[in-house]
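Chain nomenclature is as follows: A, B and C, assigned in order of appearance, with residue numbering initiated at 1 for each chain independently.
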Amino acid sequence: MTGVLAGTFLGIHAAYWNATVLRLVLALGLALTGAGTFVYVYLFKMVSHLQSRLGPMETGPHGSLQLMAEVVKFIQKEDIFPRKADRWVFAGAPFVVIMSTLLIYVVIPVGPRGVVSGLDVGILYALAVSSISVIGVLMAGWASANKYSLIGALRAAGQLIAYELPLVLAIVGVVMQAGSLNLQTIVAAQAHFKLFGVGGIGLFVIPQLVGFFIFLVSAQAELTQTPFDMPIAESELVAGYMTEYSGMRFLVFFIGEFATAFALAGLASVLFLGGWWLPGMGAHWGHLAWAREAVGTGVMFAKVMLIGFVIFWVRFTLPRFREDQLQAFAWKFLIPLSLVNILVTGIAKVAAHG
Amino acid sequence: MSRLVPESDAGGATVTDSGEAAAPSARIGEVVDGLRAALGDGLIAHHYSARDAWVRVAPGSWREAARVSRELGLSYLSFVSAIDWKQAPGLGGEKLWDPDAEEGDAPGDGPGRWLTGVAGGETRFQVFARLHDVVRHVGLTLKVDAGDGPDGPGGGAPRAESWVPLFRGADWHERECWEMYGIEFDGHPGLRHLYLPGEFEGFPLRKDFPLLAREVKPWPGLVNVEGLPGEDEPTESGDVEPE
Amino acid sequence: MSVSEQQKAAYVAGQAADARVRFELETEGMTLNIGPQHPATHGTLRVIVRLDGEQVVWADPVAGYMHRGYEKLCEVRDYAQVTTLVNRIDWLGSFCNEVPFILAAEELMGIEAPPRAQYIRTVLFEMGRVANLTLFLGDMAAQVGALTPVFYAFRDREYVLNLIEAATGGRFHPNFDRIGGLKEDLPKGWIDETKLVMRKIRHFCDEIDDLLIGNRIFEERCRGIGVIPRDVALEYGLSGANARASGIDWDLRRDEPSVLAWKDADWKVWTHPDGDSFARYWVRQQEVRESTRIVEQLLDGLPSGPIRAKTPARIRVPAGETYVHTENPLGEMGYYVVSDGSPGGPFRCKIRTPSFSNVSIVPWLLRGVYVPDVITILASLYFILGDIDR
C-alpha cells in the first residue's frame, strides 16, 4: 500500500514521515470525532428518546454543543488524588487504556486508500492491541486504594480476558473466506464474493451470520456495556475501577471507552458489512478518485453508526449478567459456537473449492 | 390503681376484667382458652373487644405464652413493643386529674398508682406483642409487666424474657424496646442500639425523657388564639372549630 | 449539662464508638460498607457486609439514619396533627399510612365514616399502592441493570400522582383523611380521568412483561436468589408481597373484616410458591394490575352521600386501646393506639411498619450470597427508609 492519503486528497506528495504524521493526526481526529459522535448521538440522544425523555437540549441546537460543555467541565475539574493511591500507576492507567484504543485506528480502513498503515496482519494486530486495555483496567483498580475499585477491576479483567477468545474466534471464519488478515483485502474480498453465484451481495454478514453475532456480543463485553457491565455496575460499585478518577483522567477513560466502541464497530463493519464498499465502488472512478474516497468514507461511517446503534440499543434495554453467568456464557456458549462456526466455514470452503 | 375510664361504650376496647365479655369469635376464644389451659396461673387477665383480644401473662410465663400461642397457630410475629404508663410531666393540655393536686397524688405518678390499660397492669413498664394466625385470621395482643424501672424498689432496669429463641424476628423489635425504654430482655443475643447512634445516653420513649422541641416551644395547642375584633373570644385557648 | 449538650456529647461519643466498631471488624476477609450513601439502597440504609471473595459471610444492616422519633412525636400531637406526621412514613404511597391510624381513632371514638368516604378512601389507598409499586417495578429493574424501565415507571407514575394531587392537594403527602371521613369530596371529572390512568398503568405492566418478566437475563438474575421459606418468613414478620411470594396466602384486605370497601370489588390475591426475588417482583406486578381493577370497580359503584360524618368540634378520644392494621403497599402496617381519655394526642402510638420486619431478615438472608445478588435481594425485599426508621 503506497498510496498517500494526503497526496490523494490534496494533491500533495509528501515525504514518508510527513505523510505518516499527517495520517496519524487524521486517525487521532477520527478517533476523537468518532467517540464524540457516538457519545452525542447514542449516549445523549438515542438513550434519552428510548427512555421517553429529551436529553440535552440547552447547549446548542438540540444539545449538540453538550460535548464541548462536557469536555470543558472535565478539564477544569480538580485533580483529585486519593492519598493512599500508587501515584504513577494511578496516573498511567487511563493512558494505557486509551493507547490501546488509539492503536486500533492504525489499521481501520475508512476509504479505498484511507488507512494509516495497511498491515498484513491487520485484524490480528487490532485485536491483539485492544487487549492491552486489560492491563490499564487492572492498574486503575489496584492503584485506586479503594475496595470497590478493586472488585470492579478484578471483575473487568476476568470478563475482558474471557471475551477476547470469542472475539478472535469469530473472525476466523471471515479470515478463512477472505484468505487474508489484511483489512483492505477483506473489504476487497467482500466486493468480489459471489453468494450463490450472485455478485454484489457478498457481504460476509450473510455466510458468517453466526460469527457476526458472536463478534457483536463479544464487542459488547469488551466495552463493558450492559448486559456485560458488571465491572462498572453503577448501582453496585458506583463506577467500578473508575470510581476514584475525576476530571481529566476520567475524561480519558470516557473517551477511551467510546473510541473503543467506534473502533470495534468499525472493525465489525469492515469484517462483516463490507467496510467502505458498496456495489459500484469496486472499480476505479478515474478522475473522480477523490469522490470515491469521500463516498467510501461516508459509507463506512454509515455502517459504523448502524452497528453502534445496535450496540447501544442493547445496552439500554437488557439487564446485566452476574459475573459467573457472564463467564459461563462466554466459555460454555460463545466459544463452542465459534469453534463450530469455524468448522462449518472450513468444510464449506473446501467443499466449494474441491 | 387507676384504670382508664372509658366515657362511653362505643367501639373501642372497653375495660373489663377477665371473663365478662364474650369472645368476638369462636376461634379467638379457643386461642385464649388454649393459653389458659397451658399457662394456668400464668395467664393473669384477658380482655375482649368487639373484634379483638388481649391477654396479660405473668412475667415468668412470657416466653411460654409465645410458644403456646405459636402452637395454637399464631405463628406470625407482628411486633414486640413496650409502653410506659407514667404520665409525661408538663406537656400541657387537660388531664384527667386535678392539675393543682400535690405531686404524688395524681395517678400515673408512682408505683401502685400507674394508669393501666385493658387487661390491667401493675407496673410502670409493660411489654406487649402482637401475634397473628395467617391461616385462620385471628390476632392476639399479649402483655406482660416488666417492672417499675428506676421508679421501683431497687431502681434496676425493667426486664422481660426474650422471644428470640422462638421468633427470630423478635431480635430487632427487642433491640428497639431496649433502646427506647431500657427494658432488658433475658436471652437476647446482643442488645445494642438500632436507631440511635453508638453511645446515646438515655431512653427516649420513656415519659420522663424530655422532648427537646417541646422544651423550646410548648404544645401548639396551647397557643392563644385571639378572635377578630367584634367576634367573641374563643371559649378556651387553642379551640378552633374545624371547617 | 443541659439536655442538648448532653445529646451532643452522646452523639460525638456515638461516632467514636462507630469508628471503633468499624476498626474492630477489619480482622479477616474484606468488610464492605454498602451505604448509607449508595445508588442501590433506597435511602440511607447501611449494610455492613463481610466478604470472603465474592461471597457474604456476615451481614448487618444499620438503620436509623432517618429515625425521626415518630412514636414520641405522636404523643405530643393532636389526633388531627398526627396524620400530617404519619404521611411521611411510607412516602411513596402516603395516603395508605393515614388510613389505619384514622380507623383506630374512629374505632375508639365509635364514629363510622359514611360509605362514600369509605369508598373513596379505598380508591385513594389503592392508588397509593399503584404509585408505590410502579416505582418498585422500575427501581428493581434499575438495580438489576436494565436502565430504561425506571423512566417508564416514573413517567406513568406521574399520572397517578397528578390525580392524587387533583383530589387531595398533595402529590406525595395528601394529608387527606380525617376522623369521620375525608377532608373534601372528589373534583369534577376525576373519576373518568382516573379510569384512563388505570388503563395506562395496566399498559405499563404489559411493557414490564415484555421488557423484564420474559427476559432471560432478568430471570437468571432473579430466580432462585434470596429464597425465603414460608416458616422463616412468618417468624421474621414478613408481610405483604414478600410473604405472598413465599406462598403464604394472606392478604389483610380480603381476610380481615374492614370498614373499607375492598369486599365490594371483585379481585384476586396473587401468591407465588418460590419465595425468590423473581417471585417478589412478579407478585408485585400482578398486584399493580389488580389494584387498577379494584379502583375501576369501586369508582363505578361509588355511592353518593356525605363525605364526612359529624364529629365533635374538639376531638377527644375516649380511653381505650386498639390495634388496626391494613394491607399497605409494603406489607402489614398497623397502629396500636392507646388513649387515656384526655384531649390531645394518643398516650402511646406504636407504629408497626412493614419494612422494619422486612429488613430484619437481611442478616439471615444474605449469608452465602454473592455481592451482585446482595443488591438484587435488597431491591426485591423493597423497603422504604421512612418505613424502617419511622
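Just so we're on the same page, contacts are C-beta pairs under 8 Å (C-beta built on N, C-alpha and C of every residue); 3 or more make two chains touch, one makes a residue touch a chain.
In this text, all values refer to a predicted model and were calculated from it rather than measured experimentally.
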Most widely separated chain from chain A, with each centre as the mean of CA atoms: B
Closest chain to global C-alpha mean, per-chain Cα centroids: C
Top-ranked pair of chains - ranking by C-beta pairs in contact: B-C
Interchain centroid distance [CA atoms averaged], chain A/chain C, Å: 46
Centroid distance [mean C-alpha coordinates] between chain C and chain B, Å: 24
Chain A and chain B: spacing of chain centres that average the CA atoms, whole Å: 67
In the complex, chain C residues that touch chain A: 30, 32, 38-40, 54, 141-148, 151-152, 155, 211-212, 215, 217-218, 220-221, 370-373, 375
Residues of chain B that touch chain C when the two form their complex: 4-8, 10-15, 49, 51-52, 54, 75-79, 81, 83-84, 87-88, 91, 93-96, 115, 117-118, 128, 130, 134-135, 137, 139, 141, 167-169, 171-173, 180, 193-202, 204-205, 210-212, 214-215, 219-221, 239, 241-242
Interfacial residue positions of chain A with respect to chain C in the complex: 47, 50-53, 147-148, 151, 226-227, 229-230, 233-236, 238, 316-325
Chain C residues within the chain B interface of the complex: 3-4, 6-7, 9-11, 13-18, 21, 63-64, 67, 69, 71-73, 75-76, 78, 80-81, 106-111, 231-232, 234-237, 239, 243, 248, 250, 255-257, 311, 313-314, 318-323, 325, 332, 334, 336, 338-344, 347-348, 350, 352, 356-357, 360-361, 364, 389
